[in-house]
Amino acid sequence: MTETALHARKRIEIVVEAKRADDVTELLDRLGATGWTVLPVAQGRGRQGIRQSGDLSGVLDNVLILCIGSAALAERVLAAREELLGARPAIVSVSECQVLRGERFG
Amino acid sequence: MTETALHARKRIEIVVEAKRADDVTELLDRLGATGWTVLPVAQGRGRQGIRQSGDLSGVLDNVLILCIGSAALAERVLAAREELLGARPAIVSVSECQVLRGERFG
Amino acid sequence: MTETALHARKRIEIVVEAKRADDVTELLDRLGATGWTVLPVAQGRGRQGIRQSGDLSGVLDNVLILCIGSAALAERVLAAREELLGARPAIVSVSECQVLRGERFG
Amino acid sequence: MTGLATLFPPPILFFALGFGAGAARADLSIPDALAKTLSLYLMVAIGLKGGAALATPGGAEGLWAALAVGLALSFLLPVPAFGLLRLGTGLDRDTAAAVSGHYGSVSVVTFAAASGILATRGVPAEGFMPAVLAAMETPAILSAILLARLGGGAGGPKLQGGKLAREVLLNGPVVLLLGSFLIGWITGPAGKAQLAPFTEALFPGALCLFLLEMGLMAVRQLRVGGGGLSARLILFALAMPLIGGAAGLAGGLLAGLSPGGVALMAVLGGSASYIAVPAAMRLALPLADPGVYVTLSVAVTFPFNILVGIPLWLRMAGT
Amino acid sequence: MTGLATLFPPPILFFALGFGAGAARADLSIPDALAKTLSLYLMVAIGLKGGAALATPGGAEGLWAALAVGLALSFLLPVPAFGLLRLGTGLDRDTAAAVSGHYGSVSVVTFAAASGILATRGVPAEGFMPAVLAAMETPAILSAILLARLGGGAGGPKLQGGKLAREVLLNGPVVLLLGSFLIGWITGPAGKAQLAPFTEALFPGALCLFLLEMGLMAVRQLRVGGGGLSARLILFALAMPLIGGAAGLAGGLLAGLSPGGVALMAVLGGSASYIAVPAAMRLALPLADPGVYVTLSVAVTFPFNILVGIPLWLRMAGT
Amino acid sequence: MTGLATLFPPPILFFALGFGAGAARADLSIPDALAKTLSLYLMVAIGLKGGAALATPGGAEGLWAALAVGLALSFLLPVPAFGLLRLGTGLDRDTAAAVSGHYGSVSVVTFAAASGILATRGVPAEGFMPAVLAAMETPAILSAILLARLGGGAGGPKLQGGKLAREVLLNGPVVLLLGSFLIGWITGPAGKAQLAPFTEALFPGALCLFLLEMGLMAVRQLRVGGGGLSARLILFALAMPLIGGAAGLAGGLLAGLSPGGVALMAVLGGSASYIAVPAAMRLALPLADPGVYVTLSVAVTFPFNILVGIPLWLRMAGT
């Protein structure tokens, strides 16, 4: 039965300025994430208004960081809320997912 | 207890032609979304067959629009179904998520 | 009532090397997926350490493949686990979502 | 060797290289940003050169007749194209109208390749032809919309007036070509001297690189979009450039152009748009299938024109 | 025609074309990678040229005075800017400090446009001005940080020492300009001869393409960020380049520069950074609003300098 | 100054600038699309030049001997590399085989840098060397696969025949180099004259920009991938280019090349691939660690060759 091959994990999604992405990934590393993926963002709107990527200084570029990990990791990330928010992320969202090969997502 | 820091929200994901992305984001703005994020798409397949980004006219480029908002926003988006479908999105999907600082996602 | 417009589907998310993306999408095609979307990845970390996109050979580029389909499709994908893992994906994750126009996502 | 080199000048050979590499599935690709950059570069270079030519004494002689012919070709060629498609291929009305718009309009790179070959052979042509090129971009779009409307097409989602008008009148290639043309005309010989290393010395090399990419792109699009094309549609995409080219040849003679100018007019008539018109059609005729018109234009007609059309019209025009 | 061409040289016309196309919402866009490439190219070309000029006999004459003037302008101009912003516009302290840093610092493209025009007109200028340009990038950043600190600003998240120092001292434009300058100086006339087709022959064309993009970018940023700007802020972004330019003019005269050099010093004084300083401010003053400083610099002051500032300072300097 | 400039020509200095800026973590980056564009440009320019040289009378003299030496070097150099890696570093069989393939094959940019320096110094070299470069790309890939197979490696997922054959025989650099070489040969002096401003006048500048980027890229890759390298692996990546270079030197003498040709053959022998081979190895030996081979090749051996190898072989060859 294939269902048993799946393991419940948390899917953490963070939108943050490209120039601060390192702060977030370093924090994830420190909290024991086994990995993360950074996706480029073309454009976005939020409290700062529209942020259009591609300005020459790069200050208006955002990225989306996706990190899949255990519920315990998600707990640690939320517990480090102060430090995480220091990188000024626009969005920190957590959702449920199920992964193949759970041992890869400590 | 960190769990209490999280607030349930909806995660709306829309895949649409890059040339029609404005129609979707303008609709989201009008319906009261507090923000949205546009991700570039490299390639896709659907009912039109394969759409490979990068043709010189740009008509085969798609984007993925991510909008996190309240259940009420998601309701309004679905209620505006006719107008939304006017932009000819390929996918409109809604899932559950939990966010830090719920006040940011009206 | 708009809720009734939504149909439960599975959201399959796969991170894989750009050079092997075709293997994954061909498998999805064969298993009856009605479509998929490939997003570019800027950077990632996993068991191989950091993979920074943009090296001249392209071997360090990853992509994220998103495929929305029926529970039956997700079952078939997981059942083809051996073949899927042959493309050496880093992540295979499945989550729940609800879509407009369910007939489009066999 | 020299004979071979005249028959197959470097840009054509680079196109063949790209097409061959793509067909053999070689692991060769060109960044999208480079293709877009080269396309912008060609438009700016062609525009500047044309404008500067117009500013030379006597440079405007024959301009109006050529413009009139170009406008007429662009406006009228969609009609036979539409007829052929509806009667011969069974394509739905909206897609047929959209495709026909592409064949009335023109391709900047095809024009650039033909100009490059004329320059290599030392055959002169009227300097204002870039203005004719720019003038021919748009009328075909209007024809296509009219063809779709007559008889109830263009249904579905209602037209978005503002956006559409922008795509039609202010599409990128037209603005860039006309703008550069104007700048070339305003700044005249002084501007030309200053910009020549950019617009002229680099032109042949940039054209080679771009045609390499166009070869790769044609195969790629054939692969992803070719499955949806019937044999009849492919036949159309090979026949229509002959019809358009013959009309251009006749029009060029009618306008009293030099042999080089006649050749270019034939090339314009036979070429099909793949930048301006797809973008406009996507908004004007949203029910038309972009896979069909992009694939026919980029992956069938463009290669045909590079390999067959240009040599044919150059010879027919007596250059 | 020639008169018109002198008043409006090609780069300025391409800027106007980009701005006009953007304002009319034409469907014209330039790949981000091209804009970044052209910006890198201009820095390398300007740096190499300046270094080679310094290596010629007598090339260093007047260098130290000009550097001193440049450093002083960059360090001091943020003070009146900050005063105007705080008293006249009610901008918060951090954002006001960040904006003022942009106006003390300089814009490479504005400098490039002015140099290009001088070259076209055959007006000589001190070859070491690129070194002055590089020297003026950074001091204004320090001023801005000081202005924010005095009186309790720069609160919020604590400063990240290492990252910030890198952005300030090792920001891209400074490293690239100074590095290329050094390489130009080391390799002297031999290097110059070898690289001239790249750094000199292409320069006018590359500048045109880049200004086209800057015109499009200015409108785009005005559209997305302009809503957040009060009339007073816009007035500031038009007045401050006049103040900075006048200070640069005076400084250039004080340093005993040639008319061409005085004009360039005025252009530098009046220009505002939009590459190095935004990046540094984002780290140094994270509470400042990047939408305000990017928009003022790119979308208001840059166009103003291209269309009004450069012609004004060239005329005032007697070139 | 001139002495310094001969020792450190502009491309080398730009490499040092990029490496230094990267090491100091300066906020400088180059768009990926630009790096890829410059890499394509260098291949096209080198290929065209080589083909045109072959088309000149007497241009083919010595070609076959040089090709034979190049093929032999590429096929055989992986053997000592594999031995050193297995005995000296304890690297697993698949990764060792993959790495050894990189060192048998060649680096286009290293070749370009050496050619550029020879050109600056006015030292002639056989015009057909680009064909040797192209010929040396592939045999090492076959050797690497054989080395992995002998003794049971290359296990794991089964080989994908078709894809692999494409990567090996039709990898991008080989197709582009050989294709451009062929085009240069077909179009001969006429093509050369037409394309010279693109392929020759721009070459030194484009090389500088690309080496700037390679410097940045080397540090970046060292940072993300360097942690996984043992001291012994790094030693290998410094020693192997000396072995390969010495073998190339001997081979060049054996083939009776001119001093310039001998120097280039040594540079080819000592260089390591980082475009064609990584892509092929990823498919042929999927269990090998790409972090190891990409990092060794791009971040250790490439800088070593630019700063030490090229000057060494140029001197040893007596140029």
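Letters A, B, C, D, E and F name the chains as they come in the text, with residue numbers starting at 1 for each one.
Methods note: a contact is a pair of C-beta atoms (placed from the backbone, for glycine too) under 8 Å apart; a residue touches a chain by one contact, two chains touch by 3 or more.
What you are looking at is a predicted structure, and each value in this text was computed from that prediction instead of being measured.
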Contact steps required, at the very least, to link chain C with chain E come to 2
When the contacting C-beta pairs are counted for A-C and for E-F, which pair yields the higher total? E-F
What is the chain whose Cα centroid lies farthest from the Cα centroid of chain B? F
Calculate how many whole Å lie between the centre of chain B and the centre of chain F, each centre taken as the average of the chain's C-alpha atoms. 45
Would you mind pulling out the distance in Å between where the CA atoms of chain B average out and where those of chain D do? 36
I'd like the Å distance between the centres of chain B and chain C, where a centre is the mean of that chain's Cα atoms. 18
At least two other chains touched by the same residue of chain F: list those residues. 31-33, 36, 197, 201-202, 279
Chain B: which residues touch two or more other chains? 39-40, 95-96
Chain pairs that touch, all of them, please. A-B, A-C, A-E, B-C, B-D, C-F, D-E, D-F, E-F
Which chain D residues qualify as touching chain B in the complex? 32, 35-36, 39, 157, 217, 220-221, 224-225, 227-228, 274-279, 281-283, 286, 289-291, 294, 298
Flag every residue of chain F that touches chain E in the complex, lowest number first. 1-2, 4-5, 8-10, 13-14, 17, 20-21, 24-34, 120, 197, 201-202, 204-206, 208-209, 212
In the complex formed with chain A, which residues of chain C make contact? 13, 15, 39-47, 62, 64, 75, 78-79, 81, 85, 90-96
Contact residues on chain B for chain A in the complex? 2-3, 5-6, 9, 11, 25, 29, 34-40, 63, 66, 68, 95-101, 104
Give every residue of chain A touching chain E within the complex, in rising order. 17, 19, 48-60, 86, 88
